[in-house]
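These notes open a run of structures that come right after.
The same chain A turns up in both complexes below, where it pairs with chain B and then with chain C.
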Partner chain A sequence: MTGRLDRIGLLAVPALGFLAAIYALPLAMLLAKSVQTAEGFSLAEYRAFFADDYNIRVLARTLRVAALTTLLAFVIAYPTAFAMSRAKGIWLTVFLVALVLPMSLGVVVKAFAWSILFRANGVLNSILMGIGMTERPVRMLFTETALIVGAANVFLPFMVLPIYSVVRQLDTRLPEAAASLGATPWFRFTRVTLPLTLPGVVAGSAFVFSMSVSMYVIPSLIVGERQQNLSMLIARSFLYLRNEALGSTIAAILLAIAIAVVLLSGWLATRLGARR
Partner chain B sequence: MAGMTQQAQERHYLDVWGVAKSFRGTRVMSEMNFRMDRGELVSLLGPSGCGKTTLLRIIAGLMEADQGDVVLGGRNITRLPAHRRNISVVFQNYALFPHLTVAENVAFGLRARGTAKSACAGPVEEALKLVRMEAFAGRPVSALSGGQQQRVAVARALVVQPDLLLLDEPFSALDRKLRETMQVELKALLRDRGITAIFVTHDQEEAMGVSDRIAVMNAGRIEQFADPSTLYSRPATPFVMDFVGLSTRLSGTVTHSDGHVSIVGTDHGEVTAPGAYPPGTPVQVGVRPELAAPGPGENTISVRLADVMVLGSKTVLHGAVHGEDRVMCELPGIRTGLHRGEPVQLGWAVADTLIHEAAP
Partner chain C sequence: MTRISATGLTRRTLLKSSAAAAFGTLAAPSILRAQSTEIVIGCAGSHTAWMEEIVAPHMKSAIGADILFEGTKSSVNLEKMASNKDKPYLSVVQMDDPVMIQAVEADLLSPITPDAVPNMEDLRPDAVHMDGMWCNYVQPWAGIAYNTDFAPDGVPSWEALWAPENAGQVIIPSLQNTEGMWTLFVAAMLGSGKPFSEAQYEVDAAFAKLEALKPNLLSVYTTMSQAFNLLEQGEITLLSGNFSSYTLPRKAEGVPVDLAAPKEGIFAMPSGICLVKGGPNPELAQAYVNEMLGPDMQAAIADFASSVPANTTVKAGAVVPEGVQIYSPDWAFVAENRRGWIERFDKLMAL
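Moving on, here comes the complex of A and B:
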């Protein structure tokens, strides 16, 4: 049995080799620059990064935007996943196409589409002013809210699909059993449905959080340079400041956040899954 | 619990009245009437698609009837949601909560009714003792065997002291030996506690073993609702005769009737059956296999033996017949000297002969 499993394990070799050559090795070489100075190993770059208030603000904004994006995506995705799990035939196809097709459109097209909606003389402001909700156009483009809404839109499939795959396998008799035992709809949801679907939520949140914490194109298009995040800071360090040490330091911090998210979600998933 | 104390003087404890149900325009149940008394163990028996599970789900409140009423203990519960009916369900796959331990599963119903965690321990332990699972309280349910899972499901359903217990094919996931043990055990448990319960099953032996009365269902209707012995010895319809125990079954036409008995001509000879039927009536006659024996009787037919099955406690003879007809005979113990291909005479009493008008 073990021997068979070992040989099946060999099937992972191409993926591991690819990851090592294309991802791990260059990344390690890059990150090494963050602790390398003329005098040898040093954490000076990290000290300098955290000493700067501006960097702290960018770090905080990055984490806040990622957290709120994840939350918004979750709130929209969770009921959607249930609707999808009940959908049959053509409706399921419609759902899946609606989720997957926009991914092929690319962020740039979407961002320009949003600007039609959100800009000062855009559709949304025209409606608001038309019905007298506001005298002057509300600033929507270039705000953090617009960024969060846009990012949640782009990353939504990565929240819906993991939750959907868990919800689809949920035994519908479990909520029925709970009901026959006297559980109200709210009790059924909080004690049965939600706990059993949490692994999907954890996986989806890990996807969306790690993608929105490191996103570059979406904030560049929606909020621009005025409200930078960590990725934009990294790009600026490499491209404009030509400061490889600073760039790789921030990259290392971003990577640390991503690793923390993966470890945390992995731990949560096994904890939640351990008892079944 | 509250509902159990009052209304004991109601004539029928459970009264399902005029219930109808359609799925996507197809009537699966119309004008269903079904009544049972407190403390009775009743089975809904029928082939898949006969509506037995639909009826169970309507009683449980997991499905809404298009029309009709469900009255339990004098209380009309037709419009009550499942969680306010105090009717527990044991599901076919047990539907234990996979994220909870055995004890947490059993405590679920109590917690759902607002019982404090500390107050659950006593009743949970008692319920687990009832099904001899107290040693497993802290285990995850995934670590249990099928029989153990069923015991936990029963404990979980009983701990809330339901007014009615519904069991949907509760034994079908167990292997044969375990199934029989569990049937005996569960029946004794329900009897001791005076539980009113409805079993849904497609297995006639199971239904006859566990219930006081059996409702044989077919195509959304109850064909006969009677105790097991009546059902077996006096099936009301050809469907019941066929579904509850195999028997010899011959198609024929009434040739003569004297007002007390009718003579029926079949492919295998004349058969006399009790009851008056006008000559020319197409009928089905039959006899339970253990009531027939080799050799001539009041009724005698001749067939060639198609098979002789020695099963240990009994030997079963099958006659070679055509079409829908069936000829069989069960003899106690191991019989030798009967061989496949040999001609044989089978005889039985007129009083044991079953006769039904053939379905048009």
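Moving on, here comes the complex of A and C:
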């Protein structure tokens, strides 16, 4: 049996080789550049990065936008996943197509679509003025709110699908049993349904947070250069400042954030799974 | 020996055939490239229209070249050249003068010579730089693009960018883009009160004046097409530093935009062309550059892109507005300081 397993394990060799050649090796070279100076090993670039107030503001903005994007995606995705789990036949197909089809649309097209919606004379402002919520157009273009809404829209499927996969397997008799014991709807949701679906929430949040924290095209198009994030600083370092050490340092910091999110979500998922 | 099938194919034969097929597949691009009529040109993203419509068909018929072009920013073209210095894949690059200086310093260019490129002898003397390391081919002029529905009387002065009535109505280019320099130099002139020849070195005065521009800014762009789209739609009134090769063709198509030549002066966009050192197909690359500097291409591009030709035998292209100074800055000074300016600008403009 072990021998057979070993041979099956060989099937992963092409994928591992591919990853090693086009991902791990360049990544190692990149990380090496962040600690290499003419004098040898040094953490000077890291010290310089964290000593600059501007970089700290960019780091804080990157984390804040990623967290809020994840939260907004969760708020929209959670009820959607329940609706999908109850849907059958054509309605389930409609849900899945509505979720997956927009993924085939380029991010650039979506960002332009959002800029049309957010304009002073755009759809959202027309609605707000039409229903009397505001007399003048509200500035939405090039704001952090616009970025969070746009990013949550692009990454929404990555939150919905993991939650849906968990909700679909939820034993519907458990909330019913809680109800038969006198639990209120709020109690049933917070003590039964939510804990059982948390592994899906953790997985979805890890996906969306990781993608939001490293996004480049969406903020470039929706908020521009006045609200830079870490990815925009990396591009600027390599392409315009021609400072590979700085670009590598920021890339390493971004990678550390992504690894922390993956490890934390893995630990959370294990704990929550054990509690179930 | 293990038989794969009844056809007589052995495992060893199969492996040999697969290896040969794999080698053939991997080697094919090199073999084909050796005899290729294809050259890769790095150019600006805003050149796409005329590169596709004018240059590519002309080069096919005139010199038999198949043109592949990669449109991006000058700084990105420089990075591509530097990253592939040992094995360049670009043959010719069209980019801006300050970036050309950096390319020369990094030993990335081959000089253009009259022997290989005879048309360079017809160029204006100021269009040939650093003993032929690069040449300017056509030069658009830069001013302020504006929406004619919202600024029907035009834009007489660069001070309009700072005017209170234009709060939230202005977009300027980042200093990462070469056209971003024009707003910086105008700020230097207005902030220092000195003529351009002196003001271009007054960097502190420029940044102080730029700070006063912040209340009027809707955004700072690195992707010009998006900013121009907002201008066309009336979301903004003024787009600083835009140039004739982009605004005037849109105006001719009936879009409500125009390009102002403010009284303080306008700027000459530094569009250069160079040969990449060690680039593929060097003879074809020289023939390409020769055609780009020749009368036919110069007239066609200058007309299409509302630009001023560099070839003195050509009478075509944009009419430079009369009565205003046209400036060309000290690009060596720009190249030397640009990185620091970009960092300072980003911090100043950040929200």
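The rule is simple: the second predicted complex is superposed on the first by the 261 of 276 C-alpha atoms of A that agree within 3 Å, B and C clash if a C-alpha of one lies under 4 Å from a C-alpha of the other, contacts with A are read in each partner's own complex, and residues count from 1 in each chain.
Assume contacts are C-beta pairs under 8 Å (C-beta built on N, C-alpha and C of every residue); 3 or more make two chains touch, one makes a residue touch a chain.
Since the model is a prediction, treat every value here as computed from it, not as a measurement.
J.: Figure out whether A:Trp186 sits in contact with chain B (first) or chain C (second), or with both, or with neither.
T.: A:Trp186 contacts neither chain B nor chain C.
J.: When the two structures are overlaid on chain A, which partner does A:Phe41 contact: first (chain B), second (chain C), both, or neither?
T.: Neither partner.
J.: Where does A:Asp171 make contact in the superposed view: on chain B (first), on chain C (second), on both, or on neither?
T.: Touch partner of A:Asp171: chain B, not chain C.
J.: Once the shared chain is lined up, is A:Asn121 touching chain B (first), chain C (second), both, or neither of them?
T.: second
J.: In the overlaid three-chain picture, which partner chain does A:Pro195 touch, first (chain B) or second (chain C), both, or neither?
T.: After superposing on A, A:Pro195 lies in contact with chain B but is clear of chain C.
J.: Indicate the residue numbers of chain A shared between its chain B interface and its chain C interface, in ascending order.
T.: Chain A residues touching both partners: none found.
J.: Which positions of chain A touch chain C when the two form their complex?
T.: 54, 57, 112, 115, 119-121, 139, 141-142, 220-221, 223-228, 236, 238-243
J.: What residues of chain C sit close enough to touch chain A in their complex?
T.: 73, 75-76, 78-79, 82, 102, 168, 174, 176, 217-223, 226, 229-230, 233-235, 339, 342-343, 346-347, 349-351
J.: Spell out the part of chain A that touches chain B in their complex, as residue ranges.
T.: My answer: residues 171, 173-174, 176-185, 187-188, 191-192, 195-196, 272, 275-276.
J.: Could you list, by residue number, the parts of chain B that touch chain A in their complex?
T.: 60-62, 81-89, 91, 93, 95-101, 108-109, 111-113, 140, 142, 156-157, 160, 166
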